[in-house]
């Protein structure tokens, strides 16, 4: 999965931007639950964030559930983007209603819960599931992945989706193929995260230290 | 803080219910950020959940931010209550609008974010802050705590609050004193969590395995 | 119907709690409309509330529409619970989305209207109807009731329900049977009302006299 | 109060429309609570609705809380308008945000609860209170009423109100005076109810018998 | 189309009200897009508003998308009604949920967007499309129009609609026929606009000059 | 104003991106009303869009009200960004609540109306006004502009704003100065629009032709 993420990221990155894609050595095979999000956040901080501290200008969390996004925004002094949030925001300038194409059935309520949390559910057409696990997707051929993905996309379209979002980093790279089949714009969330990170940096912006991400943190990390 | 939590819990527990109050040895001094929530959840699982597995009938997370509540619901087969969620639900049968009296200013957006996530913001009058840290509160005398608490309560009342919620486990036990001063019902969140846990148990109910808390968990714990 | 309500209530009541189940002599055969709610409220006050005044510690209105709940909260100095509101609140700690299984088709908009009023519609998956009248249900055998109830539950599950709520006091006692068939937690609203009433009492709480339930009442009763 | 209501109603009624203003003999002095709403609804049905059945073409409930509006819509075959609902709807074509000027402080949550129920809270600027009882207003001179009314209107304006609604039938007739003082459109709710009733009639429309107001009523009346 | 609009308007107008129906000579054949709305607004101002300035007491924009409604409210000193907004408001006193029957598929998101803008989406059951263009409808026979209209109405009813709104001025006059077939109240938007305009006038009300429609306009017209 | 817009745009544009800033010759001095939006849209299409057709890759509408954004999305086959929408989206990754600092008081309801339309009002802290006209701002010195801007920013901060948005293209370039004074991230909307346009282009995305922006346009342009 990491190589697909890397390819998507580099495909859209500006020339003068260096992309470093890192996966923690330890941790769950995939992130599909709140438990996985918790464990991964700790691992990512130890194995990815700490070693690169001061060496990178922004962090893009390449998992659609945006695990640890809020925590990292608290402790880091550089922009932290989640690919879930980023892709939803980008979808809003391309059409009225968006749908997320998720891998597992569990992801349907999980992503709806996430959208409620972000206050971004009002433009949601639907969340569709491929009825698989992320672990499966990683082992399947392109064709095997495309079939249920197209089906999910068609269901979304019937429910009013005007823009589709690939709801998993493991689906990075399927945007163009799906778009051709379905004839709707399809957002690769990794690309959305990278471009939004670049934009924030080039605008000279940083995370607000007032309110939600203020630095009242008691934990060592 | 743990002793006050224990006292509140035991004060309302039914006679045939045994209350075990446990705090992990390691971890942050207080939980006031997403980072703290993440770290604490891991510690609580290791030091509190694992050793008591199979020996308790329900779990009440005695921190108002409900850290790890969703993760624990995924991995445990017993009811898991958060005192934040529990107290908001209980407030709704006592009046139209509730306010949460929080300790820190950071807690204001943090709790609003939590209410959005729960879809429970529609009856919120306000979140008021004592402009302190939980660490301070733990060291202050009763009188020193009551003063900013009453001030926060009065602000809430002016904004339409009909019921007040103590927005921190560290405020457990202040419900009656504040209620007398302010003349509004005041909810001790620890008590709310304990009573709701008992209720769920006596009704023979368990966490739904469909949807948000289904057991698609890849992490070991 | 009254006997089933009594059985459910007593099944979950704490040992030291005495349950008194009372139905007014006069009034409509069932409560399925706003008109019925109005008439019943007056009858309940005359025939049930007045005679027991000072002799009970809390009131649970055992009709899912919560008829007269707001009016009783204004005039009584003890907690007043409605089984509709209580069961919705309890469902929220067991899963993300709940569905209500109602008896009549009219109940669908009626309960949605009620949820809007309570500000509690955001976690609703659906309201399903058995397409019957409460009067029918009272005369049908257990098996005859279960069949449309299971069908309604299956429709709810397909629409994302993680927790089911029996949307009528006349369905009290069907929780376990339905839960086994559908494999989702099912809430008996009478049980929810009783446990929430006990909880409020044991926490020493009362209805707020500020705001919505303040005692500006001109009517004699 | 009845005479002021009559004057307002007749002032806007079309020439070919006869206005009959009726107050039940029995019942509370004023309607300021849910309890009052319940009692009044029964009295209105007995003393006003039944005697005029078949003799009127529409009913306008001249109390801002719209007591019994839903029940009357169930049992009658003619349009039933509430002056609260009617005036909110009319305000929406005159500006972006409206405020309601209520008599008592209790009316603030009561009317907000009503707007939630109607799904009409999104354009609300504020509900302001004159901090009086309806009973007082009925005994006060025009000047005595205008003073707190203007103050409430000024507060509303500061909170973004573009249109003001008189939140009590007892304020009928104060619309022009207040409008001149505050320089905002002011809606007399009695006038709004009468005009909307006429409009519905002239369009040949009736209450829908599907859904919320379907005739599943068990009560005799 | 103009003749049908005229017939509907005159059918409900009060005797002492003169209806003038005017269509600009130039402009798009139909208004089904934001682009069409923009162009038409300019044409309407030039060819309809300017020549009648000072000669009419109110303006009703007889296109369901309410093109130019906000702009006209800024520049005119008389009430300006849109038939889309007017019919939605009127539907709310006849049932709980309304559906709009639109001509084109594009109208579905367009009208939902409009309802979001008005803050009036909470009572929407659905927007159904006849899958035609307004240009087609204008050329079709009554029977040809009725068939897809009835089908759309039936779909709406299945989704909980209690009141139907004809979502196009080109459907003016079909209200009674559809109502008879579907057995639900059907609102002709032209009639709704006319009656609401009359009501506002007879109540002596005008557009608020505070806030959204204040006269900070730099354009000449 | 145009020169400030140009400077902001070029400051953040990627090296390989050419920025063309064009203002129509005819039209209102400033855009502060719906009427102005309508007139400007027509002028922009004639004088800016038509002459550059096929020569640009994306359009950024440099007016905070996003005039004509929906119409241009219908007729053009390239991404069309509005700086109002763009800056709100960007603010959401930097903090929990945003405030918009507007020039005129009329802009307060106008922008709130815009946020309702976009379904993006849930994270709004407040809209603050400098109580000026855009025409004034254009003639004032930097210091004269900064004073009321800082005051508005301070009011926003007190209401919970964590990120500030400059609510007018005429304020382009004031982001850094204000940010230093207020110590919050400040978004220059022109920069946000340019970066989002670049991002959409580099991701190979286009406006969806399904739904809201489908090409059912009857007007010539």
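Order of writing sets the chain letters: A, B, C, D, E and F. Residues in each chain are counted from 1.
The rule is simple: a residue touches a chain if its C-beta (ideal position, glycine included) is under 8 Å from a C-beta of that chain, and two chains touch if they have at least 3 such contacts.
The shown structure was predicted, so the numbers you read here are calculated from the model rather than taken from an experiment.
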item: Higher-contact pair (C-beta pairs counted), A-E versus A-B; value: A-B
item: Repeat of interface A-F, chosen from B-F, D-E or B-D - more than half of residue-number contact pairs shared; value: D-E
item: Approximate Å spacing (C-alpha centroids) for the pair subunit B, subunit E; value: 51
item: Separation of mean Cα positions, subunit D and subunit C [Å, integer]; value: 30
item: CA centroid of subunit B to CA centroid of subunit C, Å; value: 26
item: Residues within subunit D bordering two or more other chains; value: 96-97, 108-109, 113, 116, 118-119, 122, 160, 162, 211-212
item: Interface residues, subunit C side, partner subunit D - complex; value: 27-42, 68, 70-71, 73-75, 104-106, 108-110, 113, 116-119, 133, 135, 211-212, 214, 216-221
item: Subunit F residues within the subunit B interface of the complex; value: 96-97, 122, 160, 162
item: Parts of subunit D lying in touch with subunit B, wherever the complex brings them together; value: 108-109, 112-113, 116
item: Partner subunit F, residues of subunit A touching it in the complex; value: 12, 14, 79, 81, 85-86, 89-90, 92-97, 118-120, 122-123, 157, 160-163, 176, 183-185, 187-188, 191-192, 195-196, 198-200, 202-213
